[in-house]
């Protein structure tokens, strides 16, 4: 099937897909009715179930973000009462972190693509995979219940003794929700680890595993070894709150700093849970749209593992001013600088991949360029807050807020949107409208920078985070930030519309619309329930675009 | 009000410029790498754009040399940043020997400052310029964090513990004080101002010019000492059932179990609230707890009074007391990152 | 013919058969160690009481893991998972300890001039 | 043992395959399925280690802070019951190991009996635990306390006629960690007993064969893990400092 040679237009994909037609039978129309969806054990359908549920949570969290930004338009606290504002930013944090960012790429794209990329028929434990989704939904219902009951006002960090003793908001319901959802990501991680070890297609050695799978393997290590610690910490807060036992209550002998140690032991690796899958998507997208192998495959792969492992040693940099002794602050600072090195290696390797490539500018590639720039700035500002002296000044100010939004929104969310667009033809068998997609990518990029760059400045000026009112001299930057937030909001609504439209009315995409390498592109779009008619045998290296013989299928 | 340039707060303390220098170096470094990467990406994206539909990129798989370069250089830069950040931090974390001590108590949604001379202030703090000032911080209910952006200092206020920060204000004027650790409904209202004054103005203000004439902190402590009937056991006479407290702070006290502890304000605070935790050797464990009867300020006042007690030779508090601690000495320092109230010095058995 | 990835079949598939006598021997040694740890607790070893108690507990746990849970006969990957769990637990405990043990170390200025 | 026939594309879940009804569609051989299950169980155990690890970290920190309270609290616990419980649990580990051994040899009757023994020992452990908990709720004389105290760490509970027991916070911290650790362990035991009933019913029905006894083995791994947690809890809680 050698495509005819025609001049490339920006809509390269459309040229190739002109003659494509939808396969007769695939995992979407294999069986219908709500039972086939709610009781499915097909990893692709579970990926879609996750896609719908986290999109709901994404917009719920987004609403709270807009509420916070609108409140901060004016220095005085006039839009909402102080209490309402505290609940708004807390629910924004909890929903976005636990119910959107952590499951975003692993649970949707990861679930969908891991078996396809490994040449397997499904994940190792399909029923556990379904249980993982149900745990996510039950946890989500608890969070919504706590929201209806008035919401949580402790910040997404649940710091004791405020969360365990002083707060009278729905902390218990919110804590139980986060506890249950934690097990959803543990089970996802367990599935990914076992599938990667035990169910690779013949011929697929570890060094031929796609980088998307490497990054999800590293993420799963954090799921397995980190999430239980936050689960028990949240449980201890609930134990303290219900029975006033004093584990974190200083008035009867407890130590609030111990809570921070246990909380951040998970919550720092959690930010690597959020960004590592995004790095996996970007490695795939940059290699695919440059039509050449990723530069330094083994370095990029092992830096994912390095991030996951060293990520567990650095949590103390969240506590430089929390009464941590100078000696342990010293140790955490040096380790925090070490964890920055693998991210630097990845960024340089992505940039080097573009060298002598054949680069096209479809939407996923635009998101990848956006990711490169914004993740770079997020990572570099990480060096600011790792230096203890600067962190003493900028801790708990908008500088830190801007830093982690550059990584989470500029990094993970851009990669998530890029990944959704890149694999949309494989998931739905339809092409997304290229023009609208590029417009929304541009809107997201501009809106994002306008929202969060001013926050660096107002942060260093000293504006603390989680402030309902602020001194008037910070208003200029906050107005800019709120303006950016509205553009960002619009930018996020667009994909919802045109992707849903494309699912129904989009043109059929064909097996490999972008004409790229990868086992997932060797099967039909959308794939059959068992992914491959015959288990593929992998012969050549991953991303090898050089004209070797075609991957021979079974 | 704040006259600082819009891009960073005014440098109003000795440490501010050192922190800002590191900040500017970091900005320069980040700008360099951002421009480098963005330029490379843009150049490659345009130069190697796809010209034919089935064109593929060159099969380059990587180069060890390049990998070593962009691992080594970031590593070296990282270590430079670490050392620079850590050295400035140590200067921030370790107060100079002679400091003017002011107590700060964070309480849900206000800062209470307590000068040793007796002045009490809420959300306002008057300090002399060019004098090293040390804030000894604690909280009454939940976590707070004393943050003065213009001095580039911040330290959490942890209930049940004493933490400290220090600064030397270099410019007179009024600067913001914020609470930087989320503490509940009115967290954003827990703000105030630091007024840096010339030393003479400060003495005038202290002398009552600006605040009501009241007893010094030590005198308030003395009144409390009698009022709470501490006098009945702790005045050091032969019939006294409690250890004498003269020259206690800074001395080492041998406890019932045989091990010894340095008497710090945290030890005094713990012994007031939980006497059974550390019983001094040779004394019966009969002291009642004062939990709930004394507030944080009152404990500070009592500690201040104990510091001001004239130390007789060989005070009978079961430990080698440093002789001749002159009255009104510098108050004992909460031990650095401040010992945890009980048991932190005990060897683990 | 199922294209089956033979390389994915570490030796643990071929179930190593553990004779029952091994289980009884392990049980007896666990009993001995239990009584030992109780007995040792009544000796005043000062600082080393907790180290001895933990050493005995770790030996008992090792016996259970190696023989009862067949890790001894399992693939290296299973051994790696067990080892990783211990290392991560160690990381959590030791690095948290680094904060608690160094409290009060800061070179506080001398108290009495 | 590996069978060659590829599963025909049937519905997901267990499909009829020549000879081995338990081979799931997405695995190629029973061996691959078994090793996936074993790896999955061990990764789950690693996660459980970190779950209990958080509480052990709290135990360690407060042991450094409140050593006297730990000594007083540890002496409050009934050493005889604790030792008996340890023996009961290690015995149940033995019986479950033998049950797995019996299942791998296809001795169905022996498997059911040994699993039954494990059930009895498990329930005995929970029974003893109940007795210990009950005794903590009644008033009784504590060594250090000048008066009788209830040892449950709830704020109101720990007081005697309004006065915080003299040993105060220190002992409370030990008691709260005692209840947290042994409580979570007991919950895991209860879940284990629930699983045990299911496995016993399957064994009774003859579901297991030497080719396929994975559920018994996975249950065995879980049970041994819960036993190991108790192996660490026993010295850390009951034997803090028994010499005078």
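The chains carry the letters A, B, C and D, assigned in the order they are written, with residues numbered from 1 in each.
Note that in this section a residue touches a chain if its C-beta (ideal position, glycine included) is under 8 Å from a C-beta of that chain, and two chains touch if they have at least 3 such contacts.
Keep in mind that this is a model prediction, so the values were computed, not measured.
The chain pair A-B and the chain pair B-D differ in C-beta contact count, and the higher one is A-B. Of all chains, the one whose mean C-alpha position sits at the greatest distance from that of chain C is B. The distance from the centre of chain A to the centre of chain B, with each centre set as the mean of the Cα atoms, comes to 37 Å. One simple way to say how far apart two chains are is to compare their mean CA positions; for chain B and chain D this gives 44 Å.
Centre-to-centre, using mean CA coordinates, chain B is 40 Å away from chain C. Between chain C and chain D the centroid-to-centroid distance comes to 16 Å (mean Cα coordinates, whole Å). Residues of chain C in contact with at least two other chains: 2, 4-5, 8, 49, 77, 84-85, 88, 92, 96, 100, 102-103, 105-106.
Residue positions 28, 32, 35, 39, 43, 46, 50, 53-54, 57, 61, 64-66, 168-170, 241 of chain D are each in touch with at least two other chains. Of all residues in chain B, those that touch two or more other chains are 93-94, 336-338, 340, 342, 344, 348-349.
Touching chain B in their complex are the following residues of chain A: 2-3, 5-8, 12, 15-16, 77, 82-83, 86, 153-155, 159, 161-162, 165-167, 250-251, 253, 255-257, 290-293, 295-299, 320-326, 329-330, 333-334, 337-338, 340-341, 344-345, 347-349, 351-352, 354-361, 369, 372-373, 376-377, 380-381, 383-384, 386-393, 395-397, 457, 460-462, 464, 466-471, 473, 476, 515, 544-547. Here chain D touches chain C in the complex through residues 1-2, 4-6, 28-29, 31-32, 34-35, 38-39, 42-43, 45-46, 49-50, 53-54, 56-57, 60-61, 64-65, 79, 83, 86-87, 90-91, 93-94, 96-98, 101, 104, 220-221, 224-225, 227-228, 231-232, 234-236, 239, 241-243, going by the rule given at the top.
Residues 63-68, 164, 166-170, 241 of chain D are the ones touching chain B in the complex.
Contact residues on chain D toward chain A in their complex (touch as defined above): 9, 12-13, 24-28, 32, 35-36, 39-40, 43-44, 46-48, 50-55, 57-58, 61-62, 65-66, 153-156, 168-170, 172-173, 176-177, 179-180.
Every residue of chain A that touches chain C in the complex is listed here, in rising order: 197-205, 225, 229, 257-258, 261-262, 265, 312-313, 315-316, 324-328, 331, 534-535, 537, 554.
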